[in-house]
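Read through the structures below before going on.
Both of the next two complexes hold subunit A, though its partner changes from subunit B to subunit C.
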Partner chain A sequence: MSDTGTADAVVDATPSDAVASAPAADERLAYRSIFQRLFIRPEIGAVIGVVGVWTFFWAVSLNFGTTGQTQNWLDITATLGIMAVAVSMLMIGGEFDLSSGANTGAMGILFILLIKEVGELGGLGLSIWIAVPLSFVAAMGIGWANGVMVERTALPSFIVTLATFFILRGLKLGLSKLLTGQISVTFTDESHGYGFWQPVFAGEWQRNDHIWNSRDVVYIGFLVLGAAIITLAVCEMHFVRRDKLAASGLPIFGAGVAGVAAAIFLMHTTDGVSANILAAAVLGISILVGLYGFSTWRFEPQAAAGGLNLDGSIMPPLLGGLIGVGLASVASFAIDSDNAETLFFPFTVQGLRVVLMMILAGGGFTLLMVAGNKALKQNMTTKLVVSSLTAAALVGFAFVIRQSAEATKFRTELFSVLLFVALALFVWSVLGVRFAERRKIDEAADRTGMKAMVLGLALMITAVVLRHLFVVQAELDAGVNPAKFSVRMLWFFAFTAVMVWILARTRFGSWTFAVGGNAQAARQVGVPAARTKTQLFMIVSGAAWLVGMLLAFRLSSLQAGAGDGEEFEYIIAAVVGGTMLTGGYGTALGAAFGAAIMAMSLVGIQSARWNTDWRWVFLGVILLLAVIANRFIRDRAEGARR
Partner chain B sequence: MAEHDLLQLDNISKFYGNIIALEGVTTSVNAGEVTCVLGDNGAGKSTFIKILAGVHQQSAGTIKLNGEEVMFKSPREALDAGVATVYQDLAMVPLMSVWRNFFLGAEPTKGIGPIKMIDQAKAMRIAVEEMAKMGIDIRDPEQPVGTLSGGERQSVAIARAGYFGARVLILDEPTSALGVKQSGVVLKRIVEARNQGLAVIFITHNPAHAYPVGDRFLILNRGKSMGNFAKEEITQQELTGLMAGGAELQELQSELEEAISGVKKS
Partner chain C sequence: MKNMRWLAMLLALVMVAAACSGSDSSEATTDGGDSTEAESTEGGDEVVEAAQAGDLTFHMITHSDDGPFWSVVKRGMDAACSDLGVNCVWAPGVNDANQMVQDIEGALGEGSNGIAASLPDPAALVPALQGAVNGGTPVVTLNSGANDYQEIGALTHVGQTEFIAGQAAGERFNAAGVGHVLCGQQEQNNVGLTERCDGLADTFSGTVTTDFMDLDADTSAQQAAINAAMAADDSIDGFLGVGPVITMSGLRAADDLGRDVTIGGFDLTPELLGAINDGDILFTVDQQQYLQGYLPILQLYMFQTNSNVIGGGLPILTGPGFVTADNAADVLALSEAGTR
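After this line comes the complex of A and B, so read on.
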């Protein structure tokens, strides 16, 4: 903090400066920027994981991003996610359920036995209309029994539910053999009520039956609009809003928007490389111009950005980072361009070269980020210089990658992504130099920004969903693989939404956190701890019933071992999603994302043509990274303990 | 009010099997008064609190609340009768936010039937208001209780008890884990709660904390009552002496002095 000026007094809210600055809403409440606020959400680790794992497999495999593969991993996510969400709630409540995996299979088998065997024994055939609620009651009973046993015996739920696990496992096998003489049970579409219940639990959306030729226009429109709204929302929540809006910025904003539209149109209608490069350049400049105009209109200009100050703390990481990226570029040339098959299999010479390049590049960009962080502590001008250098390094690296793209089967899209990140970095630091960053809470701006952000996200999600649900004639003509989306996705979304709502908004949700965080304290203030925990066990068992139904109607036939051993996958998904193993902290949404990460790694490894045995190594690494990241996020969320 | 005290305890005893945890304890507390319960470790203070809070039930003796004989079978019953306890471990969930802790177990709800949800805006507003009444300006009701200082946590607990209509407030060693300044803050809260008309039972092992705020003192030692005094009947010195069993303390003091002078010589 060498220079002292009015700008710095606002920037550093140290006690001595606090007198000089304007009276804040509450001087003890340190302002947290939009990014800091996002980064203390417990789900953030899992969200980053989803994006990261998806990008990784998208980059290393040829078809991971296609609808067929997407449908594959979403299908696995649905059943795994329903269980992971329920299990994460139980874990937040401080308990485990080791019987949850076996329970899914048990419910499916019980259901099939009810409609088949009970019917045959009675000579009539038990209707599905009766078997569905009957098996649900059984599930509630199992959950209740688990809960009551844990509460009454005060034994660890690990032990109690381990016993339940063995009982269920034995019952599945024993009853199947006793009643059908086989270790798998089957039912047919002749059962009464099948016509109604089959679509409820196993309905499918055949993508190739739904043609919508203007799909891509809507897709790109929604995607770009959504991204633009989110960008503006981030600006709204990051900069100081003007008291009086400056209309002079509006024409510039309009010009930027027009430029973006023109660039997208150009990209969409032309195919040539030079036209695309032109369009990309127009796009980049237009985004900068548009955001500049928008900010001029709405935000307070920066009083003083400060002078360039590349001191001893910035130079080493900056130079180191640039050298690292340079070496990575050199290393990328060493990759044998004729040998693409085993590219990402780690233990080949070729693989090691790629790993070397990735380590160098990763290290280099990490150092550049460190330098950027240190520059931010100096002033915005320094930050701009460091960011520009980082952006330049990104652009250079992107071109090097593209150079060897064809040979190494690197996705050419990676080129665009790197360029885009460079652009975002550059534009963001230009805005930072020109406009004053917010240092105080502005609830009105935050509300507007939050609403806009939700709207933008909704638009983008709608765009992606539409793209996957519909097919255009051109794709059909090219012989696109059929893909079918199961109704189980809807069950998964609905279940997750309800559980997220329950956790965040209801008394039961509050009590769940309380009994997991400090059960004794919860009891002392009158929370019915035993009842809350029992109900949590029943939620897990209910989820197992739902998954059992989904499995039974999908497969019509279930092995006696169905679901056994999967309980640890649910727990891993929940932990990856930010749920604390010791209880009292976590989210249901995070668990859903955790399930997606696991499903993606399973499908992605096949898609990248690795041996699927490597899945477990991959999962282990993911779990480790997730736990460390979540620990970090939680410590940040709690703040410094006194 | 004049005929009987708000809370009157007569010959309370508690046995765990053949172990006598508490025997023949008698004391009382009135609205707008502070009764201090003093005792060293193992004196039976915890048992005493647990009986009043409804965690345990007395084996013998009677508790009269407003002249009526009562027996609390659960913490909920005690709470409903207006006897709120702020425990040493604070009965707080550190990872949960201030407002959720404030309303834990009694959250205000809106909506009907299955879509009944917590009225968050109301809960946050009340939590901030009630804390302000205690003189604590909560920065952000969403901040986890774990990030508050010890004194602030005590204040949340005391404010919560007061808000939920407590008539009798039992404080279990509220100052034991706090520094000098923070202890002062909590003692101030006790006086404020008393001034608001609450009957306060303040459990402590520190006579220096008890004497300035107390109106009545009950001294426990090894499960037995060493006396139940009004403030004018006893001085702080006597209080300290009674607490540790006078002679023992003097012995200890002389031993200590010897040890210290020994250190100085060598």
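After this line comes the complex of A and C, so read on.
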């Protein structure tokens, strides 16, 4: 990760009101709002991509969102992601490793040959306790050799590692056939140390064996709590904190919290539409009241919200947007939802209806967002009016979808999400009218906000993880598919966390960015460029070793061709995740998300039962969109820093 | 200095390229005794007199050397050559038709007494083999080439027709009472693999869904793709993998889903045979490729020594043979010996 997330500067010397209020003229301390800061993080493109691709496949396929298929795409993400993260670090350091794919298989095969029984053809019959560190040493050696060769010869790493790739590929095939007479090598569970190492590299969590009937209560509780904490954190980072807290807000806050709790309880315990509508209304009002109370307690009131001013810059997009959403609704009702005819390949009437609705509604809401941005330039009252109209349009459209969609996930889940977005929009602009937006740095508030945000995220992630790890009796009775969560995913999460930490927090991480940005300049300021790059190659090779172990224990056997050609997938995942091909810019976390995007598209296309011939088209479009989006984000990040 | 660097880079590229191509084309090994100088290349149209076995040299030129498959073909060829007492040259390839053309021309230059060649890319190879036939060198096609051997004027074709193999697999699924078979492919755009699925669809009485899953190089993704495809359609109760690796991936995917799926496969690996022996997989289609190495040499020998042509102009099918739980143990033993 680059340092874009910390305080950078807007140095457009024109003292806009944002900068004018800052007492110190140091441009590096200029204030940027929380949303601006979020938006220029290099991994934001990949995060949006993950959400977008997930939502897309969730919408078009029957069971993409189920635990079984989540497990399925996470499983691919694990091995792909470990390599993508390592490769992205090497790419940030300005080099490529084309041998990384073949290396994964090579490490697995080497390991198997080391432990295979002596009795039959080939194999050294070593204990796994010796073979694991021994193969790791070999991996370090390959990485070191790659690094030294690239440094000594000053050849492009593309060429050097291409040679390594061929050598490894040949060795895999040659040695397998020479030693075992076959192109796949196999070992059995009789090897010494198997009992210990098998769970380490291939342990599995059988979801259907873990019944926890109160899971959903914990799930909803954690989810709501996490969301609430994140909301409060965003407020904390957005508004001006009072010098003296106004206790009068606390009772209102308490009332809101109680209302939210009551509404959720009501929703969870009752069935039926009218009860749910009542609960939803209580929930919405409670959220508004609670946030209002919290803000009254904590934040400065708005000095002057200003009067309503819908001028010429706002009216056209506002009206256009409302008309667009209206037309989308008309289209939804005008075209018969039972008509299954095909107009002309590949468009059916239903397809046309959906596309028409998407375009009209998408365009409409985009225009409404434009209107909202223009209104923000006027004053908060105008913004409130525009936001309320947008929220109303969202609610209306949510009901249209509910009316016209067959599937439950659209009728209830998408419907609820749209209502929540509308509520958020409305509440946020109400708060904006009543409380003063912060326009200068407040480090204490940002620190508190950041901590709260991390806590909230952790709670929400825990909620989702618990939901996927445990099963309730009702699901079992309904015959839910079994799902095995493998320890591979834990390795992936741990590896990613360590690499993200190294890149963001250590000297080695800074050196990586330095040598990738400009190796010559880095050398001149005393960065040991050669050593850094060699260590990066060793990290990639170490990751290949880890993946090799995971592959070997997964099947207890490996093909000689395992991993060949995968190196490009790693590079693609890193690029989708926001890493530049030219080095010096990128993110390890983004590469992990990039791997997830690729895994989701593989599983998603199967889940949607599309012909897989289209998979490459899909991946191509994703890659193109990702690169363009990352370029845009990068330009903004640099523009903000300039 | 800068020039030097470019020179070095160029050198490296050339070396890499040489390493790639060199390793295959020069690998041709001579089996048996000295290769004899050719006498029979002139006037090949009329058979002058029966050739002496020890004087004969046959070339087997194939498009691949990878994997357990072709090593069995080579063992078949070796056995035929030592049984008949002729000299044989094994020239494996790497799916490169150009290089195969060079190998064919090289064989003719050495005065080959007969060429057995696989035909993965007819457009490139048919002219070269026609040239051989016109020059009086007998040709037999093997493995792939069932549609083109007559155009070449080859004596016969020895191999398995993929479509017929798929049809036979379809009959097996019918007998097992399966309703919907997923036919999983491990390569995109491979005509042979597609024909296997097409043959299945031809005879199978239920529904067939054909799709590319993922490459054998990434078995995790392969398994996940099959898992997703099966989960997306509850009616799928059969799986045909058109290669041994993808068949095993299909078995694991079905296990993960806890689904009762009837599984069939193609070709043999010890793993796959073990699963058949355990009853997890119903059958695998065996094209008995040992015969694809043995029979072409036998045919060339019979033609050169006795002007015999086997098969009456029709292709000689080496498959589909089937391995099921009944014979898996025997085949496993033979497979370990390297002849199945």
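Operating definition for what follows: the second predicted complex is superposed on the first by the 575 of 642 C-alpha atoms of A that agree within 3 Å, B and C clash if a C-alpha of one lies under 4 Å from a C-alpha of the other, contacts with A are read in each partner's own complex, and residues count from 1 in each chain.
We take it that a contact is a pair of C-beta atoms (placed from the backbone, for glycine too) under 8 Å apart; a residue touches a chain by one contact, two chains touch by 3 or more.
What you see is a predicted model; the values in this text were computed from it and never measured.
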item	value
Partner chain(s) touched by A:G68 [first = subunit B, second = subunit C, both, neither]	second
Contacts of A:Q524 with subunit B and subunit C, given as first, second, both or neither	first
Per-residue touch tally on subunit A - higher for subunit B or for subunit C	C
Partner chain in contact with A:Q473 - subunit B first, subunit C second, else both or neither	neither
Touched partner set for A:R554, first subunit B, second subunit C, both or neither	second
Which superposed partner A:T188 touches (first subunit B, second subunit C, both, neither)	neither
First (subunit B), second (subunit C), both or neither touched by A:L155	second
Partner chain(s) touched by A:N213 [first = subunit B, second = subunit C, both, neither]	neither
Subunit B and subunit C footprints on subunit A, overlapping residues	none
Complex interface listing, subunit A residues touching subunit B	26, 28-29, 501, 505-507, 509-511, 513-514, 517-518, 520-527, 584-585, 637-642
Subunit C partner contacts - residues on subunit A that touch it in the complex	61-63, 66, 68-69, 72-73, 75-76, 79-80, 101, 105, 153-156, 159-160, 162-163, 166, 170, 173, 177, 181-184, 186, 481-484, 551, 554-555, 557, 559, 561-566, 599, 602-604, 606-609, 611-613, 615
Subunit B residues within the subunit A interface of the complex	53, 55, 75-76, 79, 85, 87, 89-96, 100, 103-107, 109, 116-118, 120, 137, 139-140, 143-144, 146-147, 149, 160
Of subunit C, residues touching subunit A in the complex	5, 8-9, 12-13, 16, 19-20, 23, 66-68, 71, 188, 211-221, 224-229, 231-233, 245, 256-258, 269-271, 338
